[in-house]
Structures are given as C-alpha cells and as structure tokens.
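As structure tokens, here come the structures.
Next come two complexes, and both contain subunit A; in the first it sits with subunit B, in the second with subunit C.
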Partner chain A sequence: MQASAAASRAIGQVEDDRALTAVFTAYVTTATIWLVIATAVGLLLAFKFGAPDFWAAKYLTFGRLRPIHTNATFYGWASIGLVGVAYYIAARSCGTRLYSTRLAWLGLALFNLAAIAGTIALDLGCNDGDLEYREWPWPIRLIFLAALLVTGWNLIGTVLRRSSEDIYLSNWYTIAGVLWTCVIATVGVLPWYQHGLGQVAISGFYMHNAVGMWFTPLALGTFYYAIPKILSRPIYSYALGVFAFWTNLLFYPLLGAHHFLFSPLPWWLQTTAIVFSVAMLVPVWGGSANYLLTMRGRYRDMIHSYPLMFIFVGVIGYLFGSTQGTVEAFRSMQAIWHFTNFTVGHSHLTMYGFVTFALWGGIYALLPLATGKTAGRIGLAAHFWMALVGSFIYVISLSIGGTVQGLDWLHGLPFIQSVVDMQPYYVWRGVGGMLMFGSHLVFAWNVWRMTSGQPGNAASPVLDADATGEVAA
Partner chain B sequence: MKKLLLIAGGALGIYIVIVLLVAVLPAIDLSGTPAGPGVEPLTALQAEGRTVFVANGCSYCHTQQVRPLDEDKVFGRPSAPGDFAYQTPELLGSERTGPDLANVGASKPSDVWQYIHLFDPRAVVPESIMPNFRFLFRVVDKVPPGETAVPIPEGFAPTTGKVIPTPQARALVAYLLSLKQTPIPGYTMNGSMGGATNAAPMAKAGPAPATAPAGAYQYVASKGEALFTANCSACHQATGTGIPGAFPPLKGNAAVDDEDPTLHIHTVLQGAHGVIIGGVKYDSAMPPFAGQLSDADIADIVNYERSSWGNHAKPVTPAEVAVVRAKGQ
Partner chain C sequence: MHHMTGPLWGNIAIIGIAGAITIGCFVAMFWMIFRPGEKDPRHCKNDILRPDR
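Coming up: the complex of A and B.
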C-alpha cells in the first residue's frame, strides 16, 4: 500500500517534470522565433541607413519597421523568454510543480497573440503614437497586460506551494518584476492624464520603467538562480541581493524623465531623474559585485562552461551598461549625446549585452537540465563568439559615431554634416549586426538541439564544486 | 503566505506610491498646461497629416523639441510648455537622425520643396539618408483638373508621366507647414547647464540677435559655405542652379551678380514669394532670415553667393546688411 502510494507519487513527479519541461521548452522556442524575426528586421533597418531607397515601399518603410524591431525584441523575445525561465526557476527553487500548467499555456498564447497582432498593426500603420515601446494600439497592450496578470498569478501560486519556509531571492525579483510591469502597463494605457505635455511625463516614465522594472529584475532573478546552479556553490551574499532588490525599487522608478532633459518638462522632474540615475549605482554595483564575488576563484572554469561565459558577459553588460546610463544622465553629457546614436549604442549594450546575454545564459544553463539534452560545445562557442564580437562592433561604432554626431552639432556645423559623418559608423553597425543576427540563427539551432535533438551529446551545464571542497547550493 | 505577502505586497505598494508621485500626478498636472500665445489646434487637414506622420514613424528620426542650448538655436527658439497643448500623441522624439521639425513650417515654407523632398529626398539634399515616400504619390499620364504636378528634377522623375501627390501627401505637407513656432515675448528659460539664464535666441526684443563689431569683419569663404549649406542649399542647391521650375538659380542670377547688393541682401533678410527671375515665375515661398541670422552671417552668405559658381560681384559688409535691415520690409 505504502509502496504503491510512493510509486504513484513518483509517477506524479515524472508527469509534473514533463509538464514543466514542455512549458519551458515552448516559451523558449517561441521566444527564439521572435528573436530571429525581430533581429532580421533590425538588420534590414541597419542596411537602410546606407541604402535608404532599398525596399522603401509602404509596408517596408523605415518608420514602420523600426517599432516592429523594438517591440518584437521587447515583448516577443525578451519577455516570453524570461517568463519561461522564471517559471522553471519558480518550480525548481520551491521544490514543487507549477501552480497551473494551463495558466502557463494561456499566458504563452496571450503573449504571442499580443506580439503577432502588434507587429501586424504597426506594419499597417496603425499605432497609438510614436511612443517608445508602447506603440501597439491599446487593445493589444491590454492582451499583453492580461498575459502579465496570468503570469503573476501563476508564479505567486507556485511559490505558495513551496516546501521551504524561505522564498529564494530569484522569485522575489521575478514576481515583483511581473507585478511592477502590471502597474507600468496600466499606467501606460489609461488615457485621462495623457494630454500633450502630460503624456510626455508618462513617456519618460514608461520607456525606462518598462526596461528597468521588467527586464532587469527578471534577468537578475535568472542570475541569482543560474550562477549558483552552474557553480554548485551558494550566492556570495544573500543580504546584498536583498539590499539591491529594495534599492532598485526605490531608485529606478524615479529616473525615467532623464530621457527628456532640456525638454519643457518641469525642471524639478528632470533634476530628480538625474539624482536617482546616480543613486542607481548603489544597486547596480552592489548586485554586480555579488555575482562576480560568487564567481570568485572560478574564472578558469569559464573555459569549460559557455553558459557561465554568457552569464559573465551579462553581468559585465549590466555593470557597464547601467553605469554608462548614469554618466549619460548628466546634463553636461546629455548636451553632447542626447538625440545621437550614442543612445542607440547604450540601449543595445543593455538590452543585448545585459538582458539578452543573461537570458541566453539562463537558457543554456537550465534548459538542458529540463530536457536532458544539450546543444554541444561547437554550437555554443559559435553563438557566443559571434554575438560577443558582433555586439562589441555594434556598440563601439555607434558610441564613437554618436559622439562625433554630437560634437558636430556642438560645433555648429550644418546638420547634414552629421549625417555624412555617421556613414562609416553605420556601415560598422551593419557589420556588427550581421554577426549578431548570424549568432541568433546558431542559437535557434542550439535550441532545437536542446529540445528536439539527441540526448547526451555534451556534458551537463552544471560544474562540480571546486577543489576547496565547498558544498553545493 | 505572510512572507510572500510582505515581499510582493510591499514591493508593489511602494512602487505604486512612487509611480503616482513621479508619473501620474505630474502628468495630471501637466495635461492641463494651457496653450501658449498664438498656439492653435490643428485644422482637420493638418490633423489628418499628423496621423500620416505618426503612422509612418517619422518621429523615430525627427524630434519636435528645441532645447535651450546653443547647438539647438538653428532649429528655432527653445520649446515652451504651451507649445504642446494640442499635441496628443506627443511627438517630442528621441533621436535626430534627421533635423528637428518643431519650426520646419517656417524654415521650409515651400510646399513644392516638401513634395519634392518627400518624393525623393536626394533630389534636393544629395547627402540625405531619409527614405523616399513615393508611395504617397501617383504617377499619371495627364494631370487631372484641380491637381498640380510636382516639378520633380530630371534624374529623379519617372521616365514618363507626371507626379501628383495623393490626399495623404497633401495632408502630410499641410501638417509639416503648420509646424511654426509662435513668438513668446520676453521668453526665458533655464540655461544650458541648469542655471536660470536667458537662453532664448529669437525672442528678445530687436530684430538682430547679434551684431558684428564694426570694422572687424572679414569674409571667410568656409564660413560662408557652411552657412549656405545649413540655410540655403536645400532649395538653391550646392551647385547654385536651383531646381528648374521650383527654385530659382543663384548662378548667373541678375540680382546676385549685380553691383548693387540691396535687392540681394533684402531677399535674404525678408524672403521672397512669386518673383520672376530670368523670365520664369517662381511661386515657392522663400523664408525670411532676418530673425535668426546676424548681419555678419548674412554678409557671409551673400558674399559666398556673389563669389561662387562663376558669379563675380562686389563683396558686401555687415554694415551694408544693417542698413538694408533697418529699412525693414
């Protein structure tokens, strides 16, 4: 009797694992498709800077494809991928099954429905304004909000089923990230306070909070789970992670208006944004130090672990990208860099060098544990080096180009001179973009191998604890 | 349960309070910003044009906000809160791959220029990387009554047929030409680095923003060329030949090559409309530059035009510009 109960529990466990794996796989797969679509569009856009008459027809014109690139990256690739990882982390770190597999599938359907409908609407020239990252018509943004609510409900339900008293730090970040984003999406969609300059205030808030209170916490949650997992050692300081969590919450939401420095927005709002842009150094440096110190003494292990390499680049991207953001927020720096391509470089350093590398690291570290299949070292190496070198070329060229552009303006040259001077940097951006896009095709192949390929063609992403005899996390 | 409530509920509650304080409440307040002096709502046609502007994502490359910085003076006076009273969705923008458009209706007031530029930006600005918007135009064999063909320069025009704007293009151009900053008397704003200095370039009393020190003027060709490129070449072209049927040539232009510079200086200062040059009547409007360029700048431009493309006329001084300026219209 007792034996059969144990057996049925074991069978239940196997079914739960299978359901979790199916959910995780489906989120990663659709996210990967969105990454390939979004960056194919991005590459076409980069090409158009050198060949403006290429495919200039109505449905392929630059101004319609540009928001398709950003929104598909944000709400297709990064959102869906990070939520998939968050589900896996929630279930595993709580030692339980998902609260509801059906809700997870429903959420996936809603996320994809929103991204498909949004992409089509933008291409038809149907948008709610050229408002960065919230161009989708509002009914479509409500679908995205519904997906968030479903996800929040499901994550909270899963954590409530946990077997331990403590809630692992990753879940703090992912659950809070989803809840915060529900607020952001609601504030972004309600119309009553969004007339003229009032809408500018919301734009400043929205465009930065949608990044820093959504992608940042989910990516950091991934770090807090994946780094200890790969290294088989606990996080350096749990307390530092908690401290970074609350300081991020207190500082980040206030800095959005730094996108509108020197605009007619109230001066106090702009100054507040600058002050808190500086304050953000506290959670950023604290958090980054925590990850790097967790990896201390194990850097040589990176040679054996591409998942760790991806995460390491992600941490450095977080540190550099966020610190760069602080520097950019000063009025003296904005006088040169605002409106230039430097900003485009910055957004790629953060959304790519930080968020996307973090997500890749999370997927490469955790998906094989779920499916029992790995991608193989050559595939990972090809992906890693192409993406790294490509993004390096991309960010460096636009940072230099953006500075040249800003100095041209500062020196009072005719505007068209700044267009001419950007040309070589646009070419280099295209070269970097080509490498990045190529790496995404390799990534798609790797995902296929981790989900539908043969099991056991490479070592597990989890490394042994090091020789000092540390115990596993 | 209690622990989760504390973390999730606490994080959510704190966030909502902050969001109300830094976003929603300021937005409620700012939504009621009254319109500035002379700022009017768009007409139905202009509003339709604004929709075309938004649908095609023009604001991803063009801002509509002039900052109180020296480098932005070329685009107009610093934007004021009252400028945006009727602008929803807001189009302040975040990038200047192309120039700011807050005052483009004043700086490029010719609808013909706007049509040619939309049809093929490189027809008027060879270095431009703006995409063409040919999909806003139709090519017809015979121009229908009531319509006007756009004089697209040779080499950019279709081999057969005439180019006419679609209603969408007409609406878009009506919108672009409506983008004119209204003067605000005595307008001051925070200075470039946060001080409370007066940084309004055009709003101060008096016609000239700056006057050159008398007797110190020396014409520098490179400066003249830069000013010409920034202000004149979009219509008159770097070659000085203009666009046949649309914008008059300066090369061999009788007024430019004349020993008496009065008409030449007067045209640059006050603009022109419907003039006949070389037997051809030009309907396009030329904007006045008296409000934004100093006597020395205008002298530089005039001298550049009088000494380029085979023109050989006597150079002028800022003092002569000041005399013509003083006469007014």
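Coming up: the complex of A and C.
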C-alpha cells in the first residue's frame, strides 16, 4: 500500500517536472524569437544613421522602428525570458511544482499577444506618442499588465507551496519585481498623468523603473540562484542580499527624475533623484560584491563554464552600468551627455551588458537542468565572444561619440557639425551591432539544441564542488 | 548655478538628510561585506544546494 502511494507520488513528480520544463522551454523559446526580431530591427536602425534613405518606406521609418526595437526587447525578449527563469527558480528553490501550469501558459499567451499587437500597432503608426517605453497604445499595455498579474499570482502561489520555512532570496527579488511592475504599469496608464508636467514626471518614473524595478530585480534574482547552483556553493552573504533588496526599494523609485534635470519638474524632485542616484551605489556595490565574493577562488572555473562567464559579465555589467548611471545623474555631467548617444550606450551597457547577459547565464545554467540537454561548446563560445566583443565595440563607440556630440553642443557648434563628428562612431555602432545580432542567431541555435534538437557536447552547467577541495558550506 | 536647480539651502537640506541615510547604508553594507557571518550549515541559504527534487 505504502509502496504504491510512493510510486504514485513519484509519477506525479515526474509529471510536474515535465510540465515545468515545458513552461520554461516555451518561455525561453518565444523570448528568443523576440530577441532575434527586436535586434534585427535594431541592426537596421543602426545602419539608418549612415544611410537614412535605405528602406525608407513609411513602415520602415526610424520613428516607427525605434520603439519597435525597444519595446520588443523589453517586453518580448527580456520580460518573457526572465519570467520563464523566475518560474523555474520559484518551483525548484521551493522544492515544489508550479502553483498553476495553466496560469503560466495564460501568462505566456498574454505577454506574446501584447508584444505582437504592440509591434503591429507601432508599425502602423498607432502609438501613444513620446512616452518612452510606453509607446504601445494603452489598451495593449493593459494586456501586458494582465500578464504581470497572472505571473505574480502564480509565483506567489508557488512560493506558498514551499516545504521550507524561509522564502529563498531569489524569490524575494522576482516576486517583488513583478508586483512593483504591476504598480508601475498601472500608474503608466492612469489618464490624469498623461498630459503636461505630470506626464513628464510619470515618464521618468515609468521609463527608469521599468529597468530598475522590473528587469533588475529579476536579473538579480537569477544571479542569487544560478551562481550558487553552478558553483555548488551558497551565496557569500544572504543578509547583504536582503539589505540590497530593501535599499533598492528605498532609493530606486524616484530616480527617474534625473532624466529631466534643468526641466520644469520641481527642483526638490530633481535634487532627490540625484542624491538617491548616489545612494544606489549601496545596493549596486553591495550586490556586486556579494556575487563576486561568492565566486572568489573559483574564477579559473570560468574556463570550463560558459554559463558562469555569461553571469560574470552580467555582474560586471551591473556594477559598471549602474555606477555609470550614478555619474550621469550629476547636473554637470547631464549638461554634456543628455540627449546624446552616450545615453544609448549606457542603456545598452545595462540592458545588454547586465540584463541580457544575466538572462543568458540563467538560461544556460538552468535550462539544461530542466531538459537534460546542453548546447554545444562551439555554439556557447561563439555566442559569448561575439556578444561580448560586439557589445564592447557598441558601448565604447557610442560613449566616445556621445561625449564628442555633447561637447560640440556645449561649445555652440552648428548641429550638423555634431552629426559629421558622429559619423565614424555610427559605423562602429553598426559593426558592433552586427556581431551582437550574429550572436543572437547562435543563441537561437543553442536554445534549439537545449530543447528540441540534438543535444550538444558542453558539460553540465553544475560544476563539481570538489574540484577545488570545497564542499557547500 | 543654473536657475532651475532650486534654492541653495533647500538643496543642502535634501543632500544632508538623504546623504546621512546613504552614509549609514554604506556603513551597513561594508559591515556585511567584511563580517558576513552565516557559518551555520543549517542557514537557509544552503537549502537550494540540495538536489532539486
């Protein structure tokens, strides 16, 4: 009798694991499709700076394609991919099944419906004007909000099923990220904030928090699970992770106003945004130190582990990108860099160097554990080095070019002079973009091998703790 | 100073109060970096290292 109960429990677990793997695979697969679409558009945009008349039909103009690139990257690639990883982490760290597989599929359908409808609407010229990262018409953004609510409900339900007393740190970050973004997305559609000065304040609030209160906590939550899993070693300081969580919540929400310095926004809001931008060094430096100290003594293992290399670059991207954001927030720096391509370089350092590398690291570390299939070593290497070198060229060229551009404006030179000065940097941006896009095609191939295709020859992402004579705590 | 940066003493008040909070947080952060503690093998941070199922 007991044996049959145990057998049926085991069968149930196998079915639950299979359902979780199917959900995780579907999220990663659709996110990958969005990555390829979004960055193909981005690459086209990069070359339009050098050849503005190339493919200049109204459906392919810069004004329509630019928000397609940013929104598809944000809400197609990063959102869907990070939610897929968050589901896997929630179920595994709690030692349970997903609260509802059906809700997970519903959420995936809603995320994709929003991204498809938003992309089509933008290409048809239907948009909500100059609301950065809120260009999708508001009814479509409500679909995205519905997807967030479904996801939040499902993640909380999963964590409530845990067998342990504590909620593991990763789930703090991922669940809070979803809940915060429900608030942000709601504020973003409230009609009385869509005009005048209120629109400016909410633009800063929404646009910056979409990065810092959505992608950042989900990416950090991925680090807190994937690094210990890969290294078979606990996080250096759990308390520091909790502290970084609360300080991020304390300092981040008002930061967006630092994008509107010298504007009619209240001076106290601008000053508070600057001071809190400095205060953000606490969670950024504390969090980065926590990850790097967890890896201490194991850096040589990166030679054997591309998942760890992706995550390491993600941590460095977080450290440098966020610290750069603090420096950019000062009025004296804004006077040079605001409205220039330096800001575009910064956004790619954070959304690509940090968030996207973190997501890739999470996928390469965790998807093989779910499917039992790894990618090929050459595929992993090609993806990593093309993405790293490409993004390096991209960020460096726009950082230098953007500074030149800003100094031209500050010195009162004719605007066209800044365009001429930017020309070589635009070319380098395109070169970097080509490498980055090429790496995304390789990533798509790697995802295929980790899910439906022939498995590759890369080793398991989980490194042997005994390799350095260590045991987990 | 730019005319839209607000009153000097207002800026000083915000920077002083928020700066004090920030410095306090920096001290706490470095304290946790240099004295992480958490040596107990039953600490919840070790839970995820067990086999997944």
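The definition used in the following text is that the second predicted complex is superposed on the first by the 462 of 473 C-alpha atoms of A that agree within 3 Å, B and C clash if a C-alpha of one lies under 4 Å from a C-alpha of the other, contacts with A are read in each partner's own complex, and residues count from 1 in each chain.
Criterion: contacts are C-beta pairs under 8 Å (C-beta built on N, C-alpha and C of every residue); 3 or more make two chains touch, one makes a residue touch a chain.
The model shown is predicted, which means the values in this text are computed figures rather than measured ones.
In the superposition on chain A, contact of A:Lys229 is made with subunit C only, not with subunit B. Within the superposed three-chain model, A:Leu179 lies in touch with subunit B and out of touch with subunit C [touch as defined at top]. Once the two complexes are laid over each other on the shared chain, residue contacts for A:Ser237 go to subunit C alone; subunit B is not touched. Of the two partner chains placed by superposition, only subunit C is touched by A:Leu369; subunit B is not. In the superposed pair of complexes, A:Pro414 makes contact with subunit B only, with no contact to subunit C. In the overlay built on the shared chain, the residue A:Gly95 is in contact with subunit C alone; subunit B does not reach it. In the superposed model, A:Thr272 makes contact with both subunit B and subunit C.
In the superposition on chain A, the chain among subunit B and subunit C reaching more residues of subunit A is B.
Of the two partner chains placed by superposition, A:Trp448 touches none, neither subunit B nor subunit C. Applying the stated contact rule after C-alpha superposition, one finds that A:Ser263 touches each of subunit B and subunit C. Overlap of the subunit B and subunit C interfaces on subunit A comprises residues 165-166, 262-264, 266-267, 271-272, 331. Looking at the complex, you find that subunit A touches subunit B at residues 48-50, 52-53, 56-58, 61-64, 66-67, 125-132, 156, 159-160, 165-167, 172, 175-176, 179-180, 183-184, 187, 192-203, 205-206, 209, 213, 245, 249-250, 253-254, 256-257, 259-260, 262-267, 269, 271-272, 331-332, 335, 338-341, 343-344, 409-410, 412-417, 419-420. Those residues of subunit A lying in contact with subunit C across their complex are 13, 17, 92-93, 95, 164-166, 168-169, 225, 228-229, 232-240, 243-244, 247, 262-264, 266-268, 270-272, 275-276, 278-279, 281-282, 285-286, 289-290, 293, 331, 369, 472-473. Contact residues of subunit B toward subunit A in the complex are 1, 3-4, 7-8, 11-12, 14-16, 18-19, 22-24, 26-33, 54-61, 63, 65, 67-71, 74, 79-81, 83-99, 121, 125, 127-135, 190, 192-194, 226, 229-230.
Across the complex, subunit C meets subunit A through its residues 2, 4-7, 10-11, 14-15, 18-19, 21-22, 25-26, 28-29, 32-33, 36-39, 41, 43-50, 52-53.
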